[in-house]
Amino acid sequence: MSAVLLIAIPILAAFISIIVKKWSPYMLLFVSFGLVILLGYLPFEIITIGGFSAPYGISLVVDNYSYTALYVVNVLFFLVAIINVCNYKKLGTILLVSLAGLNGLMLTGDLFNLFVFLEISGISAYIITTTNKKPLATFNYLVAGTVGSILYLLGLIILYNMFGTLNMQDMAVRIAASGATDIEVALPFLLMFIGIGVEAKLLPFNSWVKGILGHSNKLTGPMIAGVYAAASLFVFGRLLTEVFVISDTFMLIISVILAFSILAGEAMAYSSTKVREILLFSSIAQAGIAVLIFVSGFTGYAVLFISLNGFSKVVLFLIINHATEVVGSDEVIDLKGLFVNNKLVGASFTATVLSLLGLPLFAGFFVKMGILSQLFSSGDYVFPAIILLSSVVEGVYFVKLLTKLWYKEDNLPQVKFELPLVYLVVVISLLLVVFGLYFEPLHEQALVLVNHVKGVIL
Amino acid sequence: MKNFLSLVLVLALGGMIILSLQNNQYFTAYGEVDITKRVSESYIDRDVNGGTQAVEFGVANNLESGPANIVTAIVADYRSFDTLGEVTVLFVSSLGVALLLASGKQKRLDLHFHPNFMLRVGSRALFGIILMTGIFVIVHGHLTPGGGFPGGTMIASSILLLYLADDNFRTKVKSFKTLESIAGSLYVIIGLVGLFAFDYFLVNFLDNGILGELFSAGIVPIVYALIGLKVGSEISGIIDNFLTEEVA
Amino acid sequence: MLLYAAIILMMLGLYGILTQRNIIKIIISLNILEIGLNIFIISIGFVNGGVAPIFTGQNNLGSIGFVDPLPQALVLTAIVIGVGTTALGLALAKKIYAKYGTFEIDDMKGAE
Amino acid sequence: MASLEFLVIIALLGGVLAYLVGKLSKVVGASLTVLVSGFIFVSVAYFGLNGSLDASITYLPFVSFEATDLYLGTSFGILVTFIFFMVSFFNPYFVDKFKYPSLYSMFYLFSLAGVLGVFFTDDFLVLFFFFELVVWTSLFLIPLGKSKKAASWYYGFSAFGSFSLLFAIFVMRNTAGSFNINDGLSMVGGSDQILVFILLMVAAFAKLGAFPLHIWLPKVLGNSPDPVTSVFSGGLEKLGAFVAVMGLVKLAPVGPVIEAIDMALGQYLIAILGALTIVFGTLMAIRQDDAKKLIAYSSMSNGGYILVALTLLNDTSVSGALYHVLIHALASTAAFLAIGAVNRQTGTTKMSELGGMIHKMPVTYIVYLIAIISMAGIPPMGGFVSKWLIFQSVINEGMILIAIATFFGSIGSFLYVFRPLAALFLGQELPEFRKVIKEAPFFMLLPMIILSGLNIFTGVHPSVILQYINNVLAELGVTELGITTWTLSGNNGDLYPALIAVVFGVGVVIAFIIFIVLKKSRKVDLMDTYTAGNFVYTEELLHYSVDFYAPIERLYEKHINIMKDFYKGIAKKVQEFGSFVKYFFFTNKPEITVLWVVIVLGILLLWGDLL
Amino acid sequence: MIISILMGISVAFFGFVLQTSIAGVNRKIIGRVQKRYGPKWYQEFLDIFKLLSKRSVTHGWIFDFGVIMALGGIIATAMFMPITNDLMAFPGFDNFFIFVYLIAVGMLGMAMSASGSGNPLASIGVMRALTTMLAYEIPFMIIVLTIIKLTGHSSLSEIAMFQQTAVAGLEFSGTWFMIALPVGFAVAFLSLMGMLGKKPFETYIAPAEIASGPMVEYGGKQLGMLFIMHEITVFIEVSLFVHLFLGGAENIWIFLIKYFLVYTSVNLISNVNGRFKIDQVVVFFYKWPLLFAVMQAFVAIYLGWVI
């Protein structure tokens, strides 16, 4: 039961499924469920492909970090797939391939292989977003994504030229051995940082996000904002902790960009009147926070933050996209009073929002406390101030949204949420509440991840 | 004004990258690359897993990785996972194009360009030659430069030739799809067999034979052939999608 | 010198993306960017006086000044990825043309 | 031997139970809140007073309580749970008008659980956990009333407050090494101490609704349903007072000492802000037309009193402040409940639409009268004692500007408390209310009567409670107030409250004898009045309630919502910044991303001095 | 305890009798000033007893209860008032704030019954009374703050003793505050006129505008009781002023003289004045009086320049 199956099986299923077109959605469900089960039996090890040892052949790394990442991505993928399988039958194969690509992203230990999987998941993402019926927005996404991956490849090749290897760990070892000052190493890492930054929705590079998520539907919304966002942030984390060596001048600049992107994201969300825009801008801000935590070096809580964020975004986008499809527009005025008739969905939406805000009795509270305590213990006061200020603004516009969605007297929007969506949404929000109350497992997971030091795989 | 601004920006960026690469003492200049400091040195000497046999054309028997063409060795053996990813990328994009353009019943696009006599006859003759060279390139992938990808595109170009030659020529798209899927799944199955039988995914479990022989380098030629067929059918599928339009 | 040519080509591609308003031209400049990158990758592996990394009848002894084979393998993959994205871009261009009737981004009505 | 953790669990489970029961029948669900809050109050009061609350933790993870010799927390805890218990009597009568009745009772009990947690813990993180719990549970109570926007104002300010508290907590943890409250507050020093002081004050100001951060108070208290308003002003504001005590008394004074009035600069600034709160609250209260908003502004200005008293740090002022917290809680809750009773009968609290309630609701009138006497600080009631203590310390410190504000506040309070009395209860009885109105039901009157009884008791015999407050002073390290069984001694004079009450009684008896001895006068109805010739038929014309204090209101009419526009301006700025960034970064042109990539790359390379 | 209460009642009664007779005498003096004889000195007593014997009208129980509470409150305040150094009902407990706030109870009772009477003129009168109170109270309290800060006691008898005998330790003791704080004395005198409702600040009685304000609905015994209340209030305020600024009294005669002088001077000044409009009253007290009060307080407390 080696982790390669996580990639091989979906690809195999994808290849087979183009013959038997009508079964492809059911194959998708079966494979993705199978992978979630398979995840239970994965040993922590380095898997060499083709029998060639690490720096020469390609190696897949299964450690705590990638295990959590895999778990989050696969479970989220499976949930989104169940909801959307019935009305996006044609995309069965594409989704299989994107599953393989995402798993590859999480597992791979080789930089060039990361580029290939980045491309696979990227292209399948472009195709998924074509269902938004907005070809220009998808075109923007394609151009941005391709430019991003080109920059990543350029940075990668420069690194290869300087240190002669492609394996992440070997690269880290060689950089340390060569004693290259972090100024000299800055150019390639900068290119790779920006390359991944485009995909991870960091502010200056994410003008494609508004087009895609602004007009998303029940599949693209949760997929891009939930699954892909979590995956790209995990990749970001993997690179930042494993390979990158960031000099303090760049740390300053990057943190200025991140701080700007957090505050600007919240301000944009505050100023937008469309519900989906509010959600997408707040997810931009949260992406900024996640990368901020990675840059400050706390992988443990960053992973928890990303996974919680991923789950919450899937819930939020599912509900809002379904309502927008029925009502026709996602303006807050048109969706006013949405939860008056469907209280269960409203309750889980509210619970998820409160967990995003980091209020007690919800899992978000514990993660936020963890992040802040680590940021403070490292002695810096600026980032926590920014995070807290942004969560105040975030709180205000979410409360404004909630009061609008819950309270309206006459001609309420006639929206019926079908059972699987309701069931999924309730289960996730219940999870958030349960982990909010009983957060021992989260604590252990965070501690285990914290000592995931560079080079120590297991 | 915007163009001028972006020109200045781009030039400045280019200049900065070039200058920074020059000043960087670790960035070896063009041409003075010392292979020994790089990973690829052991690809050339085939001693990744400690193989001690000196690599000599026509003499070395059952080397660590068989193909004479080192690039093919890297592509299909050392880093064959990349190639698998590679194939999926092409597979996904062709599928995407098909999804975008060919949603219903398709018929040939009536272009205002009609092939004249010269093209029709010439392409009939050329079709066979291009096809043959394509297949040759695929089969000798492990000995001579080329391999699955270039060979596949040659096959596709021969099919493109047929498209240009005759207005209502349409390949049986269905058959290409099945060929593509069989080739792809065979490739993955070989990998899985390697995993289950020889506990490494995509391991070269056949014996590598003598360097430079036609029948050497274990599964590499088989894998390359499959890739060639797959790439050929995918690209011709893409051509077909672009040259057809929906039946109104 | 190939190195600088490659970077200049890439900058040209970037300039093309920045200034062109036509979808097809953007795709073309994207391709130029990719080609520039591929040349850059190849130039990384060149060794003065190196020989193509294939064992043949004449140069059959190991390490007699082969050119670095790894970038060539990488460029093979990069080219195919370039093909993939360009094919998808063109398909999208066809879709955009079907929807808006033009390739010029500026006069696409209702694109917001 | 009630354990705190057991009480918190009861509150939480009670909330869930109330929700489920509420689904069946609203009223039963709401009356469940009465039982639960009653039980909690009784156990907290009984066990808290004889100091036998045990703080062992068995189920709740992460939470740690502390009950032994925690007089400050116990006194606040008893007070706030008492207010919750009294107000919960109103729930069954008001719950049928809400859109989500069962949710109401659940969140009511959740906020009670939160309040319990805040007062009885010695660990900052647990304090913040319950603090936030109170914030968001009470947040959902507000929209049940009239305005929906009030909730976002409330969350904005209290989130700002609680996050600055969180920031202060972590700053203290850096020096103290652990989240313990006492060593956190004592060990922080130097520039960190100033930062912590400022942040704690921001949190206290946001929760108390003091001057710079008070915009939400009238909006929320004015518009939310009546039980929620009373809980807010009586109970939840005391969280702010609790944090203020931590910030001003437990934390060492901050900033250079001004020798003229030997007070630290930090304390003096807070005193100035407290004075501004008093003046601003009084001015705004005088001109309100809605009775609930008026009492909301009055609780704002009383918050100012508490702040001023806490900054003076001598025995009379701190005991005056703590006593004022108690008095204000009792008086404003009683006033809000009385107005709530009127609101339930008539459906409106606008003074211009009401009048002559006394004829049909005399008991409510008496309760309201006693409440406003206490709020205005008039002798027989408790307000006089706490105001006297505060005046003693203000005069003793000789701070003229602060004294002006406190005097203005106390005289002004006499003005604005009288306005609802005259407009709501006295004056002509409007015809449409004559037939339909009847006295509030017994179970609504019960809490009001208990509260007014307590108002009188705290005024006549304060030393019982002041004795307990002295323990709190000892715990806070402030010199204790000199009190004997009946008299209290301030800095420059003694007070014998019981004597004043007795003498007042004697005076009334004498007046009554004079009244009875003389001839009985003929009963005449209200319409038969001397109107200098022009006879008037309709009651409305004879009822003077609109623009009651017109001469004063005209003085500052133009600039009453300076602060509101200031905060609206901030919201506008954030909005503009958002759309500005949106315009720059998010157009649907593909080259925008690439442009920014190139720019950022260029800047970074240029700056990274790679040349 | 009982003896001191009886003592208090007698003080209150003495206050009433004193004030009514001095009011009568003042009416004669004012008459003389206006070139007429003026009524007999006991005219005030006659008016009160006439009213008490008349039968009048009541507007409900709050109307009566308010009057009773008003008179009761004022009597209670008067009971605390010290006459001379040793002649007082409750030694040691005659705190300044008790007077300020117990008068408020009287005012509240009267205001309650006035509004309860249902006559808008009464409510307007009450409103004006409260507004003027807001105006004159602040400067007065500032000056009293200075006095309490200087003397260290807030009970009236101690303040009076402080001014009479020069004690070695305290540098300001021995001089009347009228001389020690001249500006303060002037401001307090203005506030006293506001308190007594004398001419320039007589907005809340204002017979021309609102038909004697709060008193409009009263007659018979209610009006009589209110007259008694008015007299005792005047007694309290004037004797408060005497104790604070003129150094109290060693014996009863000095107290009477000082009392007479203060009351007549207030009456004489008010006689020649017109009446402020209600807006002017509020603004007037917040301009110069408050400024001077604060200046006086600042100078006295922080710089210690006391004559």
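Going in written order, the chains are labelled A, B, C, D and E, and every chain counts its residues from 1.
By our rule, a residue touches a chain if its C-beta (ideal position, glycine included) is under 8 Å from a C-beta of that chain, and two chains touch if they have at least 3 such contacts.
As the structure is a computational prediction, the values presented were derived from the model and not from experiment.
Between chain B and chain C, the least number of touch steps comes to 1. Among the remaining chains, those touching chain A as well as chain C are B, D. By number of C-beta pairs in contact, chains D-E lead all other pairings.
With centres computed as the average of Cα coordinates, no chain lies farther from chain E than B. Note: centroid distance chain B to chain E, computed from Cα atoms, is 107 Å. Centroids of chain A and chain B (each the mean of its C-alpha atoms) stand 31 Å apart. One inter-chain figure worth recording: chain A and chain E are separated by 77 Å, centre to centre, where each centre is the mean of the chain's CA atoms.
Separating the centre of chain A from that of chain D, both taken as means of CA atoms, is a distance of 44 Å. Chain contacts: chain D has residues 588-591, 594-595, 598-599, 601, 605, 610 touching two or more partner chains.
For chain A, residues touching at least two other chains, in rising order: 112, 116, 119, 123, 126-127, 130, 136, 139, 143, 147, 160-161, 166, 187. In summary, the structure contains touching chain pairs A-B, A-C, A-D, B-C, B-D, C-D, D-E.
Partner chain B is touched in their complex by these residues of chain A: 2, 4-5, 8, 11-12, 14-16, 18-19, 47-53, 55-58, 90-91, 93-94, 97, 100-101, 104, 110, 112-113, 116-117, 119-120, 123-124, 126-127, 130, 158, 160-166, 170, 178, 180, 184, 187. Only residues 61-62, 99-100, 125, 129-130, 132-133, 135-136, 139, 143, 148-149, 151-152, 155-156, 159-160, 163-164, 166-167, 170-171, 173-174, 574-579, 581-582, 585-594, 596-597, 599-601, 603-605, 607-610 of chain D touch chain A when the two sit together in their complex.
In the complex of the two chains, the chain A residues touching chain D come out as 136-137, 139-140, 143-144, 147-148, 151, 183, 186-187, 190-191, 194, 198, 203-211, 247, 249-250, 253, 257, 264, 267-272, 281, 354, 357, 359-361, 365, 369, 372-373, 376-377, 379, 381, 384-385, 388-389, 391-393, 395-397, 399-400, 403-404, 406-407, 437-440.
Here chain D touches chain C in the complex through residues 588-591, 594-595, 598, going by the rule given at the top. By the touch criterion given at the top, residues 595, 598-599, 601-602, 605-606, 610-611 of chain D touch chain B in their complex.
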